[in-house]
Amino acid sequence: MALKQVQTTCPYCGAGCQIMFTVDADANKIVEAVPADGRTNEGTLCLKGHYGWDYLNDPQILTKRLRKPMIRKGGKKSPLVEVSWDEAISYVAEKLTEIKGKYGPDSIMGTGSARGAGNEANYLMQKFMRACIGTNNVDHCARI
Amino acid sequence: MIVAIDQNLCTGCRECAQVCPVCAIEGEQGKPQVIQTERCVMCGQCIQKCKSYVSLLDHGNDAYDRIRKERNLPDSVQEPLFAAYSVCSLDKVRTALKDGCTFTVVQCAPAVRVAIGEEFGEELGTLTPGKLAAALRKLGFDRVYDTNFPADVTIMEEGTELIDRVNKGGVLPMFTSCCPAWVKFLENNYPELKDHLSSAKSPQQIGGAIFKTYGAELDQRKASEIYSVSVMPCTCKAYECDRPEMKDSGYRDVDAAITTRELAWLIKEAQIDWNALREEEFDQPFGMYTGAGAIFGVTGGVMEAAIRTGYELVTGESIPQVDVTSVRGTEGFRTALIEVGDLKLKVGIVTGLKHVIPVLEAVRAGTLDLHFIEVMTCPQGCVSGGGQPKLLMDTFSEEAYRARREAIFDHDRELTYRKSHENPAVKKLYEEFLEAPNSHLAHHLLHTTYCND
Amino acid sequence: MNYFVKGNPDLCIGCRTCMIGCVVVHEGKHIFEIDPDSYTFHPKLHMVKTARLSVPVQCKHCENPACMAACGVNAIYQEDHRVLIHTETCIGCKACMDACPFGAIDMVTVAGVRQKDGSEKKVANKCDLCQGVAGGPACVRVCPTQALTLVTEEELEDLAKRKRMESARSTFCEVYHCDEFSYGGRE
Amino acid sequence: MGIPEIEDAKCLLCFGYNGADSHPIVARRIVRGRQKGMKIICADPRVTETARISDIHLQLKGGSNLALVNAMANVIWKEGLADEKFIQEHTKGFDEFLKVIENYTPEYAAEISQVPAETIRQAARMYATNKPAMILYGMGVCQFSQAVDVVKGLANLALMTGNFGGPSMGIGPVRGQNNVQGACDMGALPNSYPGYQSVTDPASREKFEKAWGVPLPDKVGCPITHVPYRILQEKEERKRIHAYYIFGEDPAQSDPDLAEVREALDKCDFVIMQDIYMNKTGLHADVILPATAWGENEGVYTCADRGFQRVRKVVEPEGDLKPDWQIIAEISTAMGYPMNYKNTEEIWNELIDLCPSFTGATYEKIEKYGSVQWPCRDKSMEDKGTPYLHKDGIFATKDHKALFYGTDWHPPLEMENEEYPMSLSTVREVGHYSVRTMTGNCRTLRNLEDEPGWVQISPQDCQKLKIQKGELVKVLSKRGYCISRCLPTERVKPGAVYMTYQWWIGSCNELTIAHLDPISNTPEYKYCACRVEKIQDQEWAERHVKEMYNDIRTQMGIQPGKGARS
Amino acid sequence: MMKKELGSFVIGDGRRCTGCKACELACFMVHNQKSNHVGMTVGTVGVPVVPRLYLTRFEQGCMPIQCKHCEDAPCLNVCSKGAISRIEHQVVVDEQLCIGCKDCMQACPFGAITLLPYAKDGCLVPQSGSSETKVFAAKCDLCKDIPQGPACVNACPHQALRLVDPEAEREEKNIKAANALFYMKNW
């Protein structure tokens, strides 16, 4: 069992607590999570920090982890069908290009994510909306 | 001794001691209790209270049959037996009923008809005068009379006596004398106040005296042939009819007093199906009664009946409101002011014997300004008597008393006559036999004296 | 003397991290790998929230435990500075639950075990001060606000001693109108 | 201000902020502050953990925030507790502001807020006379239609008492989600580029056009909360939203008036969902793009006090997943706008150079110091960032002066009425996060609280409604209903109920109103009229809840009978 | 109502009990109203008094003893006939099924079960193939199906019997314990 330690920032709330994970790299499993000495949390964690990483194990309690791209090929209400990334990406690109062509860039709305995705992905998202689509229609749920 | 506690059954919980109005039950907690007979007034409240039943687990399989035999109960009795009990006097009654030469007469008290149905599964306080009469007739009684009739007579006698005392400056306040346990209590503890008691006998004894005199004449029987039985909600009535002075008819006025429960045993023993009985009438003329007689069974009833009649005797007018609600109620001691013409009649009602002590103390001290006081030993009058059906759970006793009380008032309301002096049979009794209330003959037969021993 | 864990309502924020910590430590780390329905979630301490306080309540490990006295099957015993329940002996009669004045005991299902008629078996459940767990009671360790502390006999005695000393000092200084008081001296 | 500074304030005004449930680790600073002798004033309609340990609890009626804030300003001014020197030197617009607050006597505010006038006075005095004083506010301020006005009102309090520009001072929004601050920093906003550079400012636009090599639109974009309107009611074809790219959000659970949201998603021509778990929005999406989750990718988050911190890959992703940034880049490339990044650091380096406030916050520096609070303008290792803003009263305006804004209070849009006699406010469940796809899939957190959640209600109301703890009840508003469990608590006032929004069955956003603050476009989650009804047949209700839960879980791809017992 | 998890039970208080047996009689009454036509008064009884709780005397006093409705009920677990089961959290004997094997009586650590004659429709039921009376395991069923709850509790003139709702009481006691922590302070 090859154990390694990784420190990261808790994905819940805005307190920015630091957690130290011990990972079994061979099994690709988290063995233990303990509070790390972060600027804001000083070696403490709340219940979400202590035990909120369990979803990575995909215990299938509430919903299922998404594992493959999916498309509703038969339109709304039709079943989702698993597809390859290539197909998914080109499908999205085609549809967005078509809508942009037909109704203009302001007919497309995009969101950022205040959750797990991170700053870089948010930056790219707004860049995509502004530079590629050509609209300022980008927002996230800061207010929700 | 009429009321007793079985030393082998008593667990010493002393619940009975809590309800005994005269503190006659003595013993250590957890040890069998003993009744001090000189204090006991035989009210039977301890019998009602006792829950220490003959148990398979505690007393063994044979205990029940043995104890039933010891107590002389009919073999048909299957109900639980308890440590506190009253002595069963059914043997004499059974013998009389079987004896062809004996003319058996029975009277039953007002409170019996609102309770006996309970022993056959009817709801609490079911009013069953018709079934009661039918059952008694089926048991073989030659005449089925009603204590309500002599209760009406009692009002005539006692009412007249009261008016007399008020008008002539007699001893006041005057106490009712219908309740034998109360009378015994006064005799035991306050003999110096005996003149305050009305000299009128209780309805049971008035009935007994009339049945063996006027009644015997009507039936053309010799008084000696008559065996007079009373069915009472009361354990103490057996003591009352045993009193040596109660033989003004020339014979023992009442030969046997049995309780409501004992009557139920008799009915069951005779395998009479109570619930299938068809209603019958009481025999005349002593089955004729008014609402005033009926309400004797509840606290305040004697007082209310007396007022209904007294008002008319004094004023010559009929009372504006027949329901004298100011004397009703269930509090241990209550008073009321009744305007009878110019007379402001001040009355008091005591129910539950322990409430009478302060009243008596006040009378003795001369501080109680009342004319007339009704006293009943049991918690809410005869409906809650010691000989009434015993409840399995005391939590229902209030409900039982209330239902029985209301049944009696319902009965009062539905009767043709509601004032004792209007009872045609009573009128006839005076016309044909007694002449007038408190007449010489009435005095001889229907009045008594106290503290004779 | 038995040890116990004590909550401080001035510090507690009612987050219940302690309750999960308790379950995780008693179930073991494998809890995050097994079937989510295969274990039972029965914290041995209970968060109490009223208008004026939030604080977890758990067994005080009494010196004369009422639960132990009430137990009809001798399933409760004292050992290693704590009051423990032998759950195999327990029949779930609730006598201990009724006896405990703190509500520190509840009855909980035992995962995978049933009574003869198929209904759930339940046994008494209460704080065992994380017996056998390195680092001591988990609730104390995981609390983000340090609202829980393990109180040991030594600390309790020390505390009382300090308080007595303080009482002596204040009384002495008040009576003799002097500020000089030496904490040294006979124990 | 930074989170660690909280505990060193002399006085804390906690306004509509319940740290214990939303940020336990911030709440920890508050209880520590308390231990150090910090005075606490807590304005909240509920007895929160902070209210419980506060010196003064302003238990105001929901929707009366601004009246109370203005009244505090009124008292501070009238009683001569204001820092006139600071006002003179560092602010403007004070006289206009005075005209507004003139009318807000404590007595007047007491009528609106149900807080006694004397208590308001005491609170104002306590805040004004204990310096440094800090203000923390949360969703209890933001999720009202008058949100921005109240934030300005709170800033007014800090300004007039000179509580700006030093440690343990100022006013701090405590953002709900882990990276709300980051999403804003990164320009996921319809009106600004990364680093709060306005899209309407030609200079900024020019800078970004140059950097990105394309012309950029100059109009402010559509706020997320307008989307249902822009799909369902917009008449003009070109303005109507035809495609909706939803990235790491679940509007079909988190947005107000869910019935309307669902209709919008179904009417929208093309809905893309990019997420880690199947969720309610996924049921309406045309394409689902699976992304790596937290713990499976690298990046930077910004925490509530502007601290950039690294997130690191803990485990390898399983399945056919891509990081979010890579998916976006590939779509962009496929659409003819190539984005070629090898890793997040490359993206980071591009963006910090475009944002003067972030320029100094390199990966290297964040790694080294653990956390770098922006502004951090210089790449040299000496610039460790900025713990608190507006140092020495220098504000980020052209003339470095802060502006007083006074606004009048107005009542919430939907008031209690005969049919809906109670007010509903949405709150947080400490053990669950956002729409619960993450925490709801964590074994022990699910054990602690599960469907259908609780409706917090005063014992008096419970008595009136004849409902007991744990009973399932129906909560209804004009817009819909949901089923939840009754939780009687003395911590709430009669007439008000509180629900947490992450449940599917106890889904209180079926009830909430999509009424927005005119400036921030935040919905009024904290106030709508509702009614609580007893359910006579509890057995049916229990069964119904269980069935509903199973149904939704099945829709989410969970095999029936597997996973959590409800 | 919070979903009930535990069986309630009645517990006696030896300090208040006078040994009057009102509880036993009330128990008998309510359990025989339907099956044996028992009315409100003694006269309506035609079968032996068979209670389901047992007044027990000891040197210092007395108290009623009855079933605790254990959550891992030994009586239920030993019953070979399946005559004892948990119905709505209470441990209940099916009198018809009981064959009087005495196993439950031996298994119960509280003496809360005893074998007593079985009557129906106002008559003792004979065993099939014998004139002897059939018996059944008589134990408290917490007045299941009887309105107004346990009759023994209502009948006691001294409130010496208490219906324990263990969960609700635990919560109440938790609050008290939490309040104690609040008052305790940490000097």
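Labels for the chains are A, B, C, D and E, by order of writing; each one numbers its residues from 1.
One rule holds for everything that comes next: a contact is a pair of C-beta atoms (placed from the backbone, for glycine too) under 8 Å apart; a residue touches a chain by one contact, two chains touch by 3 or more.
On a predicted model such as this, the values are computed, not experimentally measured, just so you know.
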item: Contacts common to subunit A and subunit D (chain labels); value: C
item: Inter-chain pair with the most contacting C-beta pairs; value: A-D
item: Of all other chains, the one whose Cα centre sits farthest from subunit B; value: A
item: Between subunit E and subunit A, distance of the C-alpha-averaged centres to the nearest whole Å; value: 59
item: Subunit C and subunit E, separation of their C-alpha mean positions in angstrom; value: 33
item: Gap in Å, rounded to a whole number, between the CA centres of subunit D and subunit B; value: 83
item: Inter-chain centre distance, subunit D versus subunit E - centres from mean C-alpha coordinates, in Å; value: 55
item: Subunit D: positions in contact with at least two other chains; value: 24-25, 28, 430-431, 443-446, 448, 563-564
item: Multi-chain contact sites of subunit E, meaning residues that touch two or more partners; value: none
item: Subunit C residues touching subunit E - in the complex, by the definition given at the top; value: 6-10, 46, 48, 50, 52-53, 55, 57, 60, 72-73, 90-95, 97-98, 100-107, 115-117, 119-123, 163
item: In the complex with subunit D, residue positions of subunit A that touch it; value: 6-18, 21, 23, 28-30, 38-42, 44-49, 51-56, 58-72, 75-76, 80, 85, 88-93, 95-97, 99, 102-132, 134-144
item: Sites on subunit C touched by subunit A in the complex; value: 15-17, 20-21, 24, 29, 32-33, 36, 142, 144-146
item: Subunit E partner contacts - residues on subunit B that touch it in the complex; value: 11-15, 29-30, 51-53, 55-57, 64, 78-80, 118-124, 261, 264-265, 389-396, 400
item: Subunit C-facing residues of subunit A, complex; value: 29-32, 44-47, 49-51, 54, 57, 59-61
